[in-house]
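Both complexes shown next keep subunit A, but they swap its partner, so subunit B is in the first and subunit C is in the second.
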Partner chain A sequence: MKKHSKPKVAFFDFTDCEGCQLQFANMGSALLELTELVDIVNFREIMSEAGEDYEVAFIEGSITTDNDVKRIKRIREKAKAIISLGACATIGGVNGIKNRSPLELAKQRVYGDKADTVNTIKTMPVHEVVKVDYFINGCPVYIPEVISVVKCVLMGKPYIVPNYAVCVECKMNENVCRYEKDQECLGPVTRAGCNSWCINYGNKCYGCRGLVDNPASAGQKDILLKYGITLDDILQRFTLYNDSMGEKYDKDLKQ
Partner chain B sequence: MKYAVIKKEDLNKWFEYLKKKARLYAPKKKENLYVFRPVKEVSEICLDYIPTVLPPKKYYFPQKEKLLKFSVQPFKTAKAIEEFEEFILLAVHTCDIAGIQCMDVVFRDGPEDPNYLNRKEKMTIIGIECLKYCDDKANCASMANHVPRGGYDLMMVDIDEKFILHINSEKGERLVKGVAYIKEASDKDMACLEHAREEKKKIFKEEFKASLSEVYESFDNNFNAKVWEDVGRRCVACGNCTAVCPTCYCFDVLDDMDLSLNEGLRYRIWNSCQMDDFAKVAGGEDFRKGRDLRQRHRYYRKFKYPVDKFNRYFCTGCGRCTRTCMAKISLIETVNALVEENAVSKKNTATAA
Partner chain C sequence: MIKTSSNSTINAKDVKVDVHYLTRVEGHGNIIVDVKDGRLAKCEFQVIESPRFFESMLIGRSIWEAQHLTSRICGICACGHSLASIKAGEDALGIKPSDEVVMLRKLLLHSEMLDSHILHIYVLVAPDLLGVKSIMPLIKTDKPIVEMALRMKRMSDYAGEVLAGRHIHPISYVIGGLTQLPSKEGLEKLYKLMLESRKDTDETLKIFKKLKFPEFQRPTQYMSLTSDEEYALYDGDLVVNGKNKTKVKYYKQLFTETVVEYSRAKIATINNKPYAVGALSRFNNNSDKLHKKAKAAAAELGLKAPCHNPYLNTVAQLVEWVHCLEESITIMEKILKNGLDEKKVLTASWPKRSEIGKVTYKPNTGIGCVEVPRGSLFHEYTIDTSGHITASNCVIPTNQNMGNLEEDMRQLVPQVLGKKTQEEITLDMEMLARSYDPCISCSTHLLDVKFV
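For the complex of A and B:
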């Protein structure tokens, strides 16, 4: 086998809970296999060194301050490949809730009379600021998908995030539909790739991977009505992860 | 021996016996629905069930199936699976047996598909005849699949205290031969079977408004029917209908490297004409962009194209697509609407002439 030169890999986090990096660190034996293929030079959850010489950068978290913007642009200049890791980085995630109210009001609510001392901007997924080469959706990321993406990076192949609904994978797993159980589930509008992870374990889909490109709003509304769910109900569910894209989704669903 | 009988009290004993013969798959309750699963305890087997979430096709055409092992350096390929195991599908409805017959036609059509045939060879089918409707979603009588029409090794029919077993193959015969509590059916048993079938005629009625040949004609003459607009508007392209269909066989093939980046596996994985990117080709052209066109395609793949190609309808009447559709798109209603459109357009043509 041809010896690959080991690419240097760094992990950086912005506004997030670091849970996706934790998933990575918790990968088990696959992580050891990965270290045969890559040099991890910067990953503060698992090591104390913080190398600044890297080719591949995993970015966790959303961009929410002017400083974040400067920092991510510096990373982009160095890295050959940028990988958005997790819901915050790919779609804004939970932090997107800030975008629902005017920035000044949000600041007041959180910081009270210290609001003036805080720099904050609207929540943005990473690709709104710099070019992103690979997307790993999910809150947290799904390890089999992480491994698939890493292999694509190493082989220089693009990774195509599925553009069909979670239902497709859910049905292959032969789950009983959540709607059969009178639960509202975001599977029909949410991008697959997680192997219907939550539903396999008896939960429902919370839409952490974002909407499919073409969510069929007319049909979707019919379905919600039939099951006695209002559009506001579902939009509320959707804002948990997708508020930074709120305007787009409002438009898609409310048209 | 062509027909045998087994007392209901002996059934579990026989199922234990079958379990020892080969891997046994049977319907089992899952939440409020049913699924085929490997049998651990024979007490879990449900003989009275409505069609399972997925048809048994997952055992002869798995959702994700290994096709080939390969290495890059040195370049080598090998069979992904050396040996396939014997298995028995127990209590398969006649609609699902029709589904297996359809798959057989497709995968035996040249070039034959060895991946399917390897599994099919190891499969024994024990059917069970429905004596009542599972629910109002099924259209098995219109498709004439509510009665056994071959394609099985054994067929079980409930005649009160006993089950009649129709022995339809050598494979089937081997599973009843020499079993002390399975006896040859008497004339009285056969009369019971006759009676059950007569009773059944009173229950099962054609669900479509028209005969199958009229249904075919409606598909043939009304490619641009209005009904697809309505269906397309309601569809959300979740792909449930194609995943649960016993005769949908589209797949994608993908290579997956392991972490050595030198060795890998080639898989095939179910694919669906309902997905957004299914009919997209290089250059971005999409031959079935709208959900209306994709749904129409699905129906034509059941009621028109396979009839022309294989002289066989590829709808089995199991009703799964209707049952699973969140948008409540009903196959019976859709076909009936198309038949009506056909009648109207025929009348208009006649008037114009």
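For the complex of A and C:
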């Protein structure tokens, strides 16, 4: 029987910390299994070979320069499937915080009188520039979900990102609610799929997977205000990862 | 992607090395070497990573959020950034963690060294020494070695998972302590994996003993933390070639960051000269404090302090791997024997919800420094009465090494001109840059960026 040729896979990083790509290196033996199913032809962080012939492109990082825009468009022309990998690619991630203050101010704060030499544009998630076929949310990505998505890609099936709150998974993990412990948490409005990772380890949800489609943010705002947190603080909670969508949340919250 | 632009004859007077997007490093960097008529006209390591503005992002955010945010500077050294951030936060807030917490932090820092060093040794550097382009062809030709490397990587990554929830962007390590105790089952499994790693370590030492690193000598200033008590990683005073002992809080008096015309990059200097940080600097300053097994490994690998060959930074990393593994095993045995006292370790990641907005803070500046895989890392935050950050500064190892790397390149190129082909020189330059294990995502928050 003739063997099917393995799909060629490439990894590209834009503006980010490269932690989500590293999650692949952390898959251990699962990574070796993966290399039996696909041909990794381009993965600059760990290899020098730079294949330009690929069908599947994992995109890590957000779009923050004019050059990024050109580069992602070229990749879109070649790739049959584009997968946004991690918070920076799917929702803008922490890079989006810079959208909140004027770009000139951010440039000056970091680069001083050399600010003019820095090229930067508004932070955008990948799908704001090109069509994206699969989304793997999270900062960093959650390996079990990565494996689920890769299976879907290989089978040519869509992957539906959960559209319910982290609270659902958190309850199933029998964690004590952060609000019960006199803490606050973005779990009630954040998209699930991470198995309530941060809360399982005693921290709280920071909203790295983005908000669910209908986050009932007004209700969340009421809760936070009830406990004496300022509106600016709330905005910061909502916008640590989601500032590329900040205007929408500003509007929802300031109603 | 390597572009060559002249004939590769041995006696070429014009050599142009233009490595666009250096591979097998963290982040985006270019190497430019331009030799005209046998004279070195240009020699630069250019950082082209998109700027990320972390110091600007921190302004106006709560000090309690700093660890979570600055961890995102880098996926490789996330634990190091977290620990430097936590120390700076505690310094600003006047919080002193318990001895047990400090011990757990040292264990996490060891696991970060193990994780990052083994990735660099096997995945990023070894392919050059074996004459292949990446670890991928080795999967076919040397599968047991690749499996061993991944096993060592997996062990150190698992350490992050057990201790902090995950290695990349740790969850439970926060100002004041941990939000959750590591599970007993996890610790037991980790201890077993660490013991098993000793065999892989011995095997790795055998392999690297046989590999040949390029010959090149250039003495420079080696800066690191130092301590009378131990091989300094989590705490200590700054030292340069064993001298100039300086308290971390006076770090700005020890080195300065200057703008250098030829590269338009801010380069850190001590006494107007470049300096090196990282495994080789630590080894040169503190090798007498290494675990005895690490000392034996250094002897076996032929590494002696002071070592002036920057290519051997990778060998120093392997020696540190042995040290960190043995020290981790010692700490683990202590924890498994005595257990952990919840009261001394557990804390919440933020002040109580009912207290937010009611607590007044003393305006203050805090500084935290730890040795991360690539060298001394500094975080500094100033907070106001509401606990929000009004000023911040992060000094990254790769930035400190940049000037030293360029100085190495300037000395190395004339030595090999006329003796090696352009391709060989290009590989020499790439290997030299890689030996520093540059972490470019980290460095871009304060480097000027030149687009080519």
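In this text, the second predicted complex is superposed on the first by the 241 of 255 C-alpha atoms of A that agree within 3 Å, B and C clash if a C-alpha of one lies under 4 Å from a C-alpha of the other, contacts with A are read in each partner's own complex, and residues count from 1 in each chain.
Note that a residue touches a chain if its C-beta (ideal position, glycine included) is under 8 Å from a C-beta of that chain, and two chains touch if they have at least 3 such contacts.
Everything numeric in this text was worked out from a predicted model, so none of it was measured.
Enquirer: Based on the superposed arrangement around subunit A, label subunit B with subunit C as either clash or fit.
Expert: These partners fit in the superposed model.
Enquirer: May I ask you to decide whether A:Asn200 touches subunit B, subunit C, both, or neither, giving the answer as first, second, both or neither?
Expert: second
Enquirer: Examine A:Asp213 and indicate which partner it touches, taking first as subunit B and second as subunit C; both and neither are also allowed.
Expert: After superposing on A, A:Asp213 lies in contact with subunit B but is clear of subunit C.
Enquirer: Counting only touches as set out at the top, which of subunit B and subunit C does A:Thr65 meet: first, second, both, neither?
Expert: So A:Thr65 only meets subunit C here.
Enquirer: Contact-wise, after the overlay, does A:Lys171 reach subunit B, subunit C, both or neither (first, second, both, neither)?
Expert: First partner only.
Enquirer: Residues of subunit A touched: more by subunit B or subunit C?
Expert: C
Enquirer: Rounding to a multiple of 10°, what is the angle at subunit A's Cα centre between the Cα centres of subunit B and subunit C in the superposition?
Expert: With subunit A as the vertex, subunit B and subunit C sit 110 degrees apart.
Enquirer: Please indicate which partner A:Tyr179 is in contact with in the superposed arrangement: first for subunit B, second for subunit C, both, or neither.
Expert: both
Enquirer: Between subunit B (first) and subunit C (second), which does A:Met155 come into contact with in this model arrangement: first, second, both, or neither?
Expert: So A:Met155 only meets subunit B here.
Enquirer: Looking at the superposed set of three chains, what is the minimum CA distance between subunit B and subunit C in Å?
Expert: Minimum C-alpha separation, subunit B to subunit C, in the superposed model is 11 Å.
Enquirer: Both subunit B and subunit C touch subunit A; at which residues?
Expert: In subunit A, residues 179, 181 are touched by subunit B and also by subunit C.
Enquirer: Could you please specify the touching residues of subunit C with respect to subunit A in the complex?
Expert: 1, 21, 23-28, 49-57, 59-62, 65, 68-69, 72-76, 78, 119, 123-124, 127, 133-136, 139, 146-147, 150-151, 153-154, 157, 164-169, 171-172, 174, 178-180, 259, 264, 346, 348-350, 352-354, 356-358, 441, 445-446, 448-451
Enquirer: Under the stated contact criterion, what part of subunit B meets subunit A in this complex?
Expert: Its residues touching subunit A are 30-33, 35, 53-54, 58, 63-64, 72-73, 233-240, 243-244, 256-257, 259-262, 270, 272, 275-277, 291, 324, 326-328.
Enquirer: If we count contacts the way the header does, which residues on subunit A are in touch with subunit C in the complex?
Expert: Going by the criterion above, the answer is residues 13-23, 25-26, 28-29, 31-32, 35, 40, 43-50, 64-65, 67-68, 93-95, 97-98, 101, 105-107, 109-111, 114, 117-120, 139-140, 179, 181-184, 197-198, 200-204, 206, 227-230, 233, 236, 240.
Enquirer: Show which residues of subunit A lie in contact with subunit B when the two form their complex.
Expert: Going through subunit A, the ones touching subunit B are 1-2, 4, 30, 33-34, 36-37, 147-148, 151, 154-155, 163-165, 167-168, 171-172, 174-177, 179-181, 187-189, 212-216, 218-220, 222-223, 226.
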